[in-house]
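First the structure, in the form of structure tokens, and then the observations on it.
Chain nomenclature is as follows: A, B, C and D, assigned in order of appearance, with residue numbering initiated at 1 for each chain independently.
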Amino acid sequence: MTRKVNIAVIGTGRMGSVHVANLVRQIPEANLSAICDIRLEVAQAVANDLGIQRVVRDYHELLADPSIEAVLIATNTNTHAMVIKDAALAGKHIFCEKPLALELKDIDDALAVVNQSKVKLQVGFNRRFDKSFQRVHQIVTSGEIGKPCILHITSRDPESPTTEYLRTSGGMFLDMTIHDFDMIRFQVGEVEEIYAIGNVLLTPEIQEFGDLDTTLVSIKFTNGAIGTIDNSRQAVYGYDQRLEVLCTDGVAIANNEVETTIYKGDRGGFHSASLPHFFMQRYAPCYVEEVRQFVKCVRDDKPTPINGHDGRMAVVLGEAAWKSVREKRPVKISEFDQA
Amino acid sequence: MTRKVNIAVIGTGRMGSVHVANLVRQIPEANLSAICDIRLEVAQAVANDLGIQRVVRDYHELLADPSIEAVLIATNTNTHAMVIKDAALAGKHIFCEKPLALELKDIDDALAVVNQSKVKLQVGFNRRFDKSFQRVHQIVTSGEIGKPCILHITSRDPESPTTEYLRTSGGMFLDMTIHDFDMIRFQVGEVEEIYAIGNVLLTPEIQEFGDLDTTLVSIKFTNGAIGTIDNSRQAVYGYDQRLEVLCTDGVAIANNEVETTIYKGDRGGFHSASLPHFFMQRYAPCYVEEVRQFVKCVRDDKPTPINGHDGRMAVVLGEAAWKSVREKRPVKISEFDQA
Amino acid sequence: MTRKVNIAVIGTGRMGSVHVANLVRQIPEANLSAICDIRLEVAQAVANDLGIQRVVRDYHELLADPSIEAVLIATNTNTHAMVIKDAALAGKHIFCEKPLALELKDIDDALAVVNQSKVKLQVGFNRRFDKSFQRVHQIVTSGEIGKPCILHITSRDPESPTTEYLRTSGGMFLDMTIHDFDMIRFQVGEVEEIYAIGNVLLTPEIQEFGDLDTTLVSIKFTNGAIGTIDNSRQAVYGYDQRLEVLCTDGVAIANNEVETTIYKGDRGGFHSASLPHFFMQRYAPCYVEEVRQFVKCVRDDKPTPINGHDGRMAVVLGEAAWKSVREKRPVKISEFDQA
Amino acid sequence: MTRKVNIAVIGTGRMGSVHVANLVRQIPEANLSAICDIRLEVAQAVANDLGIQRVVRDYHELLADPSIEAVLIATNTNTHAMVIKDAALAGKHIFCEKPLALELKDIDDALAVVNQSKVKLQVGFNRRFDKSFQRVHQIVTSGEIGKPCILHITSRDPESPTTEYLRTSGGMFLDMTIHDFDMIRFQVGEVEEIYAIGNVLLTPEIQEFGDLDTTLVSIKFTNGAIGTIDNSRQAVYGYDQRLEVLCTDGVAIANNEVETTIYKGDRGGFHSASLPHFFMQRYAPCYVEEVRQFVKCVRDDKPTPINGHDGRMAVVLGEAAWKSVREKRPVKISEFDQA
């Protein structure tokens, strides 16, 4: 039998507690050594539910434990870069929730330490592990339907988060579109230039801090393909997650998943189920698979499927989109080259 | 340029007037010489609408005209056999609406005259000309998905006809299922035995004359396949016309056509259009194509695609279904062999 | 916090090991006390995988343990009745895999003991817990689309089991259709009469012991509705599980689930995924939910959702189908009334 | 009975001959008085096919005939403005194929004469008459799903026209996107600004004259909504025509129509038909309906549903798209205000 990877989870809020449960129940390749949260009572509650023995408040304690090989970071975004640097210096392999940070400078600092420390880093772009998006990737990259021409992503939340949350979220492009920015690189490749437009059509109060709730991004890829990302904070019919790539000899379309397969017919026509309500439900298997892949990469000493560069590029594209909106012009990605 | 076939239409009621309009507007291979109805004013109104010159009350007048090569019979069912015999004796090729008659004896008499007269006869089983059902036929008979195992037809009207109409219709199996009886022979082949059940769940008043409004027929085909036909007089969501053939190496499924391709999503889920309301709308192209094929067969002296035997067999299956219901037992088709 | 129910699993083969894993990982309402298999090494392997402490060979040992409240029986079918009786006499609540037995006499004996012992019994008709079939049930029983008229179940396996398995399986109607017999009662109600036909079109070797691989059952329900069940051992495109109930004012249709939501378009049209391959994959959530419901019924002292009568009736319908095929006639369910 | 409108068709090439046939066979509200083509033999062939009496070479002859009330102009695009002016001066009502002209100045000249002459003008944006797009329009404008937020049009041809054709076509935005530019105004309203990108990924030879074969247009509407148009000259799976409008309380999606409703399942999954191949087939009913509506407007003296301003605005948007591509910047529609 192959050995299990000792891993600890830092941050046991909404996403962190999902990862904890998955590690306990569905990832036999890992051994969850400990969990950690500065709100110790939050971590303790999670531990009680799942029968976890070791719970700490200060993550440095875990970094000092030589039996722990890897950490999963699910703290607040504004602490990601700091924890990554500390973990890397302690020689731990790192799985970090997206985004790596909201400021490129912080990301560059953290990645420099990761590179020097030669630890593995994987960023939590869970959607790459969705079976339908993986099938599109396989069809498109195999060349079986020719070369990519047009990509279109529809990615709409069922309802807007609270204004409180939005205020520190990085705004539409860094909080929500960032997933799609990673997805377009996964499906079609590197981006040359983007142009973004948007408006506030749903929640007027977010205008106060300059956010948007309805946006479109036009993309030129370096391989000549073009594309769009269509985002909204409010699709009342459910969490709308579609993806399509037109190629020279065909098309690959990932439609939405549905809650049930029922059609009800009556005098008014046919009625079918709304979409799964939100990401926790829609992408549940991806949260398991991304961590399982990370654990296997650590165990087998292989490169992680989504590395620091990928994490950085998604933020670059988000920054470029904000710059495009503010300066009302197309923005080249080369404007964000690493110094 | 190829010559046009001179044809006359006998009976210009609901179906007859559709055929008249199709012959005038959409079947350039034919020349509509005259139309006829014992209710002369009905025929005259149709003629006025479409600019038809010759209108007669008595069909014998048309049969006596040597320039007319073929007749299309769309009179009341109880006159079909008589008109067929007269037309055949006059040497006219015949397209006759289904069913040939409600009594097998009348059919056998008429077919005997047709055979002696060596005229062509085509029966109006229009659904064989539907592009989707033809594609199923092509898939199944090509053998590309192996041999047929299970057939299932769903064939439901949107709403029940009047009790007046039903009283003389021949009942569910000879009025409605008869189309499906022809379709199962088209798709899978000859029938060995059938068992039918049914009930009155929609229109209690039809119990008076022993009719049913909800029925199921189980079929054993001579090639070993089995199947069912599912009929209802009332599918409030529209005219439900589906067909499926499971074969040893695959399945061919013909789904319903829809009125529009719209999906509306709201908080209650997704909503799509009801089905085309009824046969005139759903099978409109088939009414054109069946007559066009008949006209071409006459012009090119080829066998018709649906002949007298086919017309007889559909009625045999209908009679067998009624016998099965009345005697509460499976009925062999061999019980109806022609003397 | 509510108390956990102490449960033991008897039989840790294919289905039993699934239940064991579900109890450990996904049913926090239960405490899995022990597992048991006469092949002790099989049980031990399962226990090792999942960190289960107590493993026994003889189920009587578990029945003698007063701390165990309930047992889940997943042994060979031919031992179900015996284990049920023993468990009932020991005062344990019982979840038993379907079918209760292949002989009605054995079922009646076992149910008599269960009734006397006043323990709860639930039968493993997992499909009742499928969210789509539950939604159909909800639509149909709510009356929102009127009264049921026609039910149609399509239930086809992707590939035939081994001849070895089939030889002792009870045959098509007791091994495969039995699930559908339970489903029709769940959706529409009690059955008055059935008529069954079938053939061997896929695996000729099963003719030796009189089994069928392609079958159709016609059903008359006591409430006047009618229906069909369409079964095949080989649907090469995947595990085909559809259900439809036509009612007086509408229809409820449960379509198949799909493996991915991808459509690939090319010069040959559109191509989409096959169906989930088989029941373990298709009904995975149902295996969890049925046991969770059972555990809650034990904990809260409520009636189980699928009781001994339900388990008996599914076998009665299977026996009736075999009788119908053998005697080539419709068979009334009243012929099987309990003495 | 209501009177028929006397109409003549000028230009009997591909589109013109379709309109002629439709007027003869399917638009009883009109009386087709004459047809005209400078290639007299072309017009004569059409006339022979359809039994039309009057055929002329010079359209001025028809304009001089006081019995003709309206003309349908289907000549080459570069002659539209001239024929419109002549017809307007002669007091004829005008149906003109799109685009009115490729140069805004020509359009403005022609519209000035039309306005002075007080004749009716309808432009041939046939897609507005598609039943699915009309249903979207009805849903969106009714307000039943709130206010529009994001529009997305997918409009892809199955295969590229000849380079010969493209050379004088006005290029992608004026030849192909022009239909979508009209559609976005129909669905969501007036445009404030557009940004267009594109590439040559399919037919390198068109780079010679600066055309594109793969394009995306980003749109800001004056009502705050945003949108995209996605065009390609080559969708090998068929003529891809989809439309979607996300609103604050729902979404309206028009999917593609299909050639047949068949699903074939085999070991490789499910396979369905490609899309109708091209516009003549896909939009056949629209070509009838647009002319029928025009004829009724003339007959009943009502405003036409698509007027000169609509025809001009579609060209303005096409010009703006070209300007955006050439100047690599967003372009305001106000830059094209009529002098």
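Criterion: contacts are C-beta pairs under 8 Å (C-beta built on N, C-alpha and C of every residue); 3 or more make two chains touch, one makes a residue touch a chain.
Every value quoted in this text rests on a predicted model; they were computed, and no experiment measured them.
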Shortest contact path, subunit B to subunit D, counted in steps: 1
Farthest-lying chain, centroid of Cα atoms versus that of subunit B: A
Between A-D and A-C, the pair joined by more C-beta contacts: A-D
Between subunit D and subunit A, distance of the C-alpha-averaged centres to the nearest whole Å: 43
Inter-chain centre distance, subunit A versus subunit B - centres from mean C-alpha coordinates, in Å: 58
Rounded Å distance, subunit A centre to subunit C centre (Cα mean): 40
Residues within subunit C bordering two or more other chains: 235-237, 249-251, 265-267, 273
Chain contact topology (line, ring, star, complete or other): complete
Interface residues, subunit A side, partner subunit C - complex: 25-26, 131-132, 135-136, 139, 145, 249-257, 259-267, 273
Of all residues in subunit B, those that touch subunit C in their complex: 147, 149-150, 152, 154, 156, 195, 197-199, 201-202, 214-216, 218, 220, 224-228, 230, 232, 234-237, 240, 246, 248-251, 328-330
In the complex, subunit A residues that touch subunit B: 235-238, 265-274
